[in-house]
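Paired with chain B in one complex and with chain C in the other, chain A is shared by the two complexes that follow.
The block that comes next holds the complex of A and B.
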């Protein structure tokens, strides 16, 4: 995500000229005003809102109070909820990396027509409504005689139906499916920079398939896997539709809890505090891991 | 280049089947002749598609989504095209910071954006209005419109512009007759990607939509929260069909790989 922000201006620098001092400001002014007016200010208001007081009968009271933050810090319910949110996001990230990276590698080795066909099949769902995709999983999981359970039982893998709906397992599976295209795309992009001749050279020097993958391919696609992991992690940690539909009303994650506070309980200040904490945590994690990856793989990003 | 072994192909087959399974299941269940959720075994029926017509909420939500998507991506482009030209052509102080600000909606979780907009529009008395929803969508789809326009403006051959200038063209004429046609493919694909983003957004919109301004994903989500029946699968199947058509058209006219490259960052 921030890699894209960094690289875009660098490519442009060559074509940029500096004839007119005022023109760039005149051109960006409308968008700049839009962003300050309806993005920066609302976000600042949300941070402020998290410090306001709220009561069942008095509504929102605009005073400075740490009540909401203290409640989040002390009530173990919130610690458990945030822990669940990040656990689900982490598991989802691991699964997408485990299956998405090999799939991108296999795709890359296919011949032209098949390659573009399957790339379309795998990346296409990215543009299909998340609600529709999650509904598909709800249908597959559906109760004790859902298709997934029937299939697993007919294979003899499980003796009795596993619960998928309203469980973290179900959430992780559905989320991994929703996020998979991002991982495949990210690894795929990294693979495009890989010179196939290096693999052939290793092969001619007597390296086996496993050695080639471990010593040649993996180190080179690692930046792609890691930047895909950051995207998948941050999107999974803030996901709403999938946890809400698969998790039901009881199994809450950060986004669904904030939604509940806003539209059911109507405790806006508390909901705002949950959202602000999610935002801050994600920004810290994303910026931190981006910095780590860029330092580790400095030569790849140059 | 080495080819895939049988093991790799088995992995690939399972992968593709799992990726398609939920989408295929939704589309199959939509054709069930039964009154409950089931896979059609003996015959296909369109009864659940016909039933959509008798639920005005879905039909209305569809039109809201369509209008909102078309309008918000258009407005986003009106802001994004000049900004993209400025970022692509001038090196000025604060350019990187401005570019980062313009792309920041990609990094902010949509649940946070939804809350921020709900708070803001309620405070200024625009809560629950279509205008508020429109402005929110403009901000959220802006990065997608900007990115593809920026790519087109950066890759543009400027000598054509210089030729036009030397022939006496300037200002608006230069933009309308020379610059805009040259960056048009990027602008149109930016619009299309922005439209899809707006059309699909649930997380932010669910905070802002009121019964009159519910979009299709919001209506579907609220319906699923109550109960899952074949009706919502036929609505989903219709949405999937519309998206597929748009995808194929986009691929024909522009190349899906270029559009998806712009989508490679978080958008939800």
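The block that comes next holds the complex of A and C.
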């Protein structure tokens, strides 16, 4: 029945194909040109740039040289920078998963009016600039003048301000806050696909509420958690505003490093190499983990 | 006799009473159906027995024990849901084994019982299948096996067959009935399908707007409906108004020019109700004209216009010639096939 329905449009497409094979190309040309113009060409130029030479006095020299790549590969400074980037991204992902998944589950169990209210509360921050949200953390914890630090010190609970600015901990907390809506949304979508009776089914078979969550609900929302994790990880690893504000010059990550090379040192080729490496590493990680997830859940969630 | 007992159970959601004054006793091994249109409170009642909802008033007892005090996970009832609610991330065998795992059944026994359960529902060899790779009927069988493998004291079926196509539904009805007979599991079925209720149940509870309209065997509810609702809901029926003529002796039941001897103990205006298959075409009786004639294989369906309103007649397709459309006929029936309801209810 459905096969018959499926073949009908396919036939039409096939006849159109024989009539004029160029039609699909002509139709997709505008989008394709935009894609090539704003993404492929600049990206290719960035890759090429990363193989150019640069000197303090001679500027950029358009020759093929592996100097920048050799520098990144050999100088432990860059290795440290990339490890820090991915460490922060991983921790951020773990925290958003740990808090975001239960958050989405609780949200899903709320009754109508409260549900929409709290969904708004969770998604609301997306409407505010990342810079404003991160600066909020700086206002609360920024050195001696941070509101929370001031308050705790006046109570005598702490002697010196809590270390937050220019620390990895601070960066992870601020990033987790910024990324939380993506995780909640992703898990929420997975929860929508859950059969509303499935928890009752487990209950009638004698499962306690903890068992239901661990054995029935969690395995089913795992694809949602994992796709949320991929989004959060790639956004955190390439985040610029939050690390720039919390970490500043003292605690650089790959994105802020590339920015500094471009705009402060003016060593564009080196900055391009850093940016390209970040992109390639991210693509590899995301594609790799996506393939793993798809293989793991292929049988169940097709 | 009474195994499961519902005593004046009621459920209220805010100001709305969804189930009201529901009293029923179910014997051990009995198959009882809750039948009614959607929104009549039948599923709510089932969910109260399962423990997914708490009754607002009344008591539910199983073998004399108060069931409402027992947590749903400890009630030991088997439930089959309309959507089957199988665990999509588990294979058929894992789905069925879940309830046994919760009961800490030893591994070897568990494997044996899962195998036996799958065999019982005719799915031997499907152990490693995931639900997504099974047809609706197969998923339905896994859900049934999962509910039965824990040897529930009561099996609760919530519209289990409504997602299957007509042919498969009939097969499943027969199979379900056989499995239930063999195991002797007390079963409650919720359905809006009167054929399903009639072919499966020992007794039917007809519900409407949160109240019980009638409790009886399928034959009782069909032959002697307690209310207009029951007679309309269970099969087709013809209702028309008549009066008892007190001046005649013996008293006569009249409707227009038609009249018949009145049964004893009835007075005033009444509703006469006759099943369409009990009406025959004869030489005497109410004059009518056939408006439409529909051939339905094993029977003919006639829509007639008479002075008492429109009447449906069903005749067996026994090979005899049948009246054509537009033909004038007379409609007759035996006095015992007609049931009378006064304004005050059954008479």
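Everything below uses one rule, namely that the second predicted complex is superposed on the first by the 258 of 302 C-alpha atoms of A that agree within 3 Å, B and C clash if a C-alpha of one lies under 4 Å from a C-alpha of the other, contacts with A are read in each partner's own complex, and residues count from 1 in each chain.
What we mean here is this: a contact is a pair of C-beta atoms (placed from the backbone, for glycine too) under 8 Å apart; a residue touches a chain by one contact, two chains touch by 3 or more.
Being a predicted model, the structure only gives us computed values, none of them experimental.
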item: Which superposed partner A:69 touches (first chain B, second chain C, both, neither); value: neither
item: Touched partner set for A:208, first chain B, second chain C, both or neither; value: second
item: Touched partner set for A:166, first chain B, second chain C, both or neither; value: neither
item: Partner chain in contact with A:195 - chain B first, chain C second, else both or neither; value: second
item: Residues of chain A touched, compared between chain B and chain C (which is higher); value: B
item: Which superposed partner A:220 touches (first chain B, second chain C, both, neither); value: second
item: Which superposed partner A:43 touches (first chain B, second chain C, both, neither); value: first
item: Partner chain(s) touched by A:126 [first = chain B, second = chain C, both, neither]; value: first
item: Shared chain A contacts, counted only where both chain B and chain C touch the same residue; value: 200, 203
item: Footprint of chain C on chain A - complex, ascending; value: 195, 197-198, 200-208, 211, 215-216, 219-220, 299-302
item: Chain C residues within the chain A interface of the complex; value: 47, 50-52, 72-79, 81-83, 85-89, 98-99, 102-103, 130, 132-133, 146-147, 150, 156
item: Residues of chain A defined as touching chain B within the complex; value: 1-2, 4-5, 8-9, 11-13, 15-18, 20-21, 23-25, 27-28, 30-32, 34-35, 38-39, 41-43, 45-46, 49, 99, 102-103, 106-107, 109-110, 116, 118-140, 142, 147, 174, 177, 180, 182, 185-186, 189, 196, 199-200, 203, 209, 231, 234-235, 237-241, 244-245, 254-255, 258-259, 262-263, 268, 271-272, 275-276, 278-279, 282-283, 286
item: Chain B - residues contacting chain A, complex; value: 1-5, 8-9, 11-12, 15-16, 18-26, 29, 37, 78-80, 82-83, 85-92, 95-96, 98-112, 115-120, 123, 135-136, 138-139, 142, 147, 150, 154, 158, 196, 199-200, 202-203, 206-207, 216-217, 220-221, 224-225, 228, 232-233, 236, 239-240, 243-244, 246-247, 251, 256-257, 260-261, 263-266, 268
